[in-house]
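The structures come next, written out as structure tokens.
First subunit A sits with subunit B, and in the next complex the same chain sits with subunit C.
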Partner chain A sequence: MEQLNAWFTELLSDNAIFTANTLGYYLDGLGSTVRLVFLSLIIGLVLAVPLAIARGSRRKWIKWPVFLYTYVFRGTPLLIQLYLIYYGVVFIEGIQDTFLWAILKDAFYPALIAFTLNTAAYTTEIFHGAIKATPRGEIEAARAYGMSRALMMRRIIMPSAFRRALPAYGNEVIFMLHASAIASVVTIMDLTGAARFVYARFYAPFDAFLFVAAIYLCLTFAILYLFRYLEKKLLAHLKPLNG
Partner chain B sequence: MKKLLALTLLGVVMTTATAQARDTDEVRLAIDVPYEPFVYRTPAGELEGFEIDLGNELCKRANLDCTWVEQSWDGIIPGLLSRKYDAILSSMAITPERENQVLFSIPYYNTPSVWITRRDRDIDISDKDALEGLSVGVQRGTIRDSYVTQMYGDTLDIHRYSSSQDVANDLMSGRLDLSFEDYPLAVDTFHFKDDDSEFKKIGESIKKPVSIFGKGAAMAFRKRDKALAEKFNQAIRDVYADGTYEKLMKQYFDYDLSLPVGEK
Partner chain C sequence: MIDLQGYGPRLLEGALVTLEVAVLSLLLALILGLLTASAKLSRHWLFHRIATLYTTLIRGVPDLVLMMLLFFGGQIGVNMFTDWLYYQFDVDIFININEFIAGVVTIGFIFGAYMGETFRGAFLAVDSGQIEAGRAYGMSNRLIFRRIQFPQMMRHALPGLGNNWMVLLKTTALVSVIGLSDMVRIAAEATKATHEPFLFMIPVAVVYLLIASVSEWIVARLQKHYNVGFGEADEWNN
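What follows is the complex of A and B.
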């Protein structure tokens, strides 16, 4: 540890920008980014499953509201959604006096809400597409076994739909990580916020943003690896036998 | 006869040439126009403003015959070094990088920064205990950011924004309790001087410490022109001493941007 510390000090001794202090900002930023992206993806995923089923419903009053929701959130930029939720809500008369204000006052929760709603909309569409692509034969076979719709959904359609959706969902996770870079416009000190802070403090855009780009690359690599592992496990049955 | 005429002519040419070379009383001052209210052009085409008045006053004191040269900001130091003019009087802040290239006079102004809060709030900025847990909005990476980070880093909750308009929005909505902003910018953004404004200024305007807010704006000269710089330094001390500076300042500003000489 001491050796590592000495090596680190040696490494940093020649530059004015990447001191322990600014690296601390980047580390805090990494924490905020991971927390924000992870939470919004988990909540978005939980929301997206029932929404995707509702989206494929035959009843119009269930189907259309979900379509409207995904259409609006996929049809507008995330930055605008974030602005509307962060700056827009304060113009609702008397919101400062309600219990909601305790949540909306902090910048983290408005951002979390915007990111969650956005990723839930995309994930809903991904799952909906995967559900729709279920081979007819599987459904007919399930029916022949006398399964109810709910049972069929649980045992046949959803498991195979999840597998089919996996590669597309992996992309959505990476997009979400990159989209989270806009959180800094509402004062959240995420990775990009830290980079902008260092840039503004030292007037060194190249150093500040190159460093943060490297961190994003590492995060993306970790996500890619995780999804490749999952695909290998879950989609093993689709691979050619002696491939 | 012809020879005599030629000699006389040569003599005339030479004397005027030497006279021009020796005539150091003529000084050309460079300024970047416009930067209201420091310098701007009237509809009639005349240069006016605080720095024009101050510059003319300084030249009068130093017994110099000054002319103004308009120069855009990005070429203002190269122009000085290539002798297009002899000095810069154009709100140039003293920085270590510029000090490598030019010789600065003593600073003649620095804009203060100011604490802003909502009109209905009652906050005592000098009472550090009462500030505990309050939030302050600043523009990211500015000297105001540095100031609150250094002085109030463990007391106030610091939020960093891209623009001062965003700070005003969040101050308005109640997300922020305070803002710390450049005085002239705060006048434009928060309109805290208007009677119907939602905001007000609290506490004193702040220009210190020099380590954060910088030394202020000064005149710049070529490094070898030490005598000329000294003439202007003396003139700046004089206008401070006899109250002329304050008179000029009050003509253009309703806040204090003076940097009394000798104070560090």
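What follows is the complex of A and C.
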């Protein structure tokens, strides 16, 4: 470790831009980006499961509000949603007097809310499509066993729908990672924010942005391989024989 | 026209800028996409390698980062190139990378990669017997492309192209970040000046939804056009 440290310091010693100091900014930025993306994906996923079931409901008053929500959030740019929440949250009547204000005045939470609502809308549609694609035979078999609707949902439809949704959900995760770059617009020091800071400080666009692009590329590949591994494990039963 | 505290006309201008950026970058993306698809399908390994590198790199990096790289770095890069031209060949030109060009080129470049994947799949979906039939009629390669491959490929490509267009449309909002006065930027400026986010952001969101709905209709019409001869028997029976 000691040696590694010395080697690292020497490597950086004749580099004007990538000092330990600026690398620290990038590291903090990486932390912010990962926190933001991870939290919004997890919360979005939890929201999306019941919403996807509601979206496929036969009752119009359940189905239509969910459809409207996904239509609006998928049809408008995330940047607009972010602005609306970031600037709009101040105007909720009396919010500045409650404990929530301490949380919401930091840009992180409005961004988290915007990202969560956005990814929940996309994930709802992905799951809805996967649920709709359940083979009829599976449902008929469940009915023949006398399963109730809830049991059928839990034991038959959801497990197979999750697996079918996996490739599309992997794309959504990557999409979210890339979309999180706009968090830097509302003063959050995420990866892109760090790159903008380094650019502004040294006027070195290539160094600042190419470096951050390489980090994003590594993250993207990591997600890609994770999902490929998951697909291989979870979709093994769908592979052709001798494949 | 709706006044919106005097910002109405400017927002309308901004909406036009948004449309301009979207349509121009769509054209660039379509051209790049066709080139990428043919490079990926070509038998030459170098073309194949370059196209794969392009689509992989572009799809691995956020749009905003690429846009900033091109906008902030592009001018320096272009200046270095024109300086070199001047010293080497005594050619004195000045190319100005403004927000508009940077936006259009970046978005076109990004979506060229996505379009390339769409087109590649669509070309592969055209039955090779069709191309052989064209050859048997003595058609030249260009004529085969124009009369046989392209119309049939479009049938398979249209759903993907429609999707890409919707994503592209929403991506145009990012040009506001590098300083182009599209409707998002004007709405953001108006919000900062008047502290009324809902008054400006909601109309902008509605315009995006409107453009998306109109494009959905256009894509459906196009689909009908390119699907001629496939599964429209009902109309004839009635």
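Basically, the second predicted complex is superposed on the first by the 239 of 243 C-alpha atoms of A that agree within 3 Å, B and C clash if a C-alpha of one lies under 4 Å from a C-alpha of the other, contacts with A are read in each partner's own complex, and residues count from 1 in each chain.
To be clear about the criterion, a contact is a pair of C-beta atoms (placed from the backbone, for glycine too) under 8 Å apart; a residue touches a chain by one contact, two chains touch by 3 or more.
Please read all numbers here as calculations on a predicted model, not as lab measurements.
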Touching A:Thr76, do we find subunit B (first), subunit C (second), both, or neither?
second
In the superposed arrangement, which partner chain does A:Phe209 touch: subunit B (first), subunit C (second), both, or neither?
second
By the touch definition at the top of the document, which applies to A:Ile131: first (subunit B), second (subunit C), both, or neither?
neither
Between subunit B and subunit C, whom does A:Ala107 touch in the aligned arrangement: first, second, both, or neither?
first
Name the contact category of A:Ile157: first (subunit B only), second (subunit C only), both, or neither.
neither
First (subunit B), second (subunit C), both or neither: which does A:Val185 touch?
both
Does subunit B (first) or subunit C (second) touch A:Leu217, or do both, or does neither?
second
Between subunit B and subunit C, which one contacts more residues of subunit A in the superposed model?
C
Which of subunit B and subunit C A:Tyr199 touches, first, second, both or neither:
both
Does subunit B (first) or subunit C (second) touch A:Tyr87, or do both, or does neither?
both
Intersection of subunit A residues contacting subunit B with those contacting subunit C?
87, 90, 185, 196, 199
Interface residues, subunit A side, partner subunit B - complex
87, 90, 96, 101, 105, 107, 185, 187, 189, 193, 196-197, 199-201
Subunit B contacts subunit A in the complex at 137, 140-142, 145-146, 159-162, 166, 169-170, 172-175
Which bits of subunit C are touching subunit A when the two form their complex?
57, 59-66, 68-69, 72-73, 76-77, 166, 170-174, 176-177, 184, 187-188, 191, 195, 197-198, 201-202, 204-205, 208-209, 212
State the interface residues of subunit A toward subunit C in the complex, per the touch definition above.
71-72, 75-81, 83-84, 87-88, 90-91, 177-182, 184-185, 192, 195-196, 199, 205-206, 209-210, 212-213, 216-217, 220-221
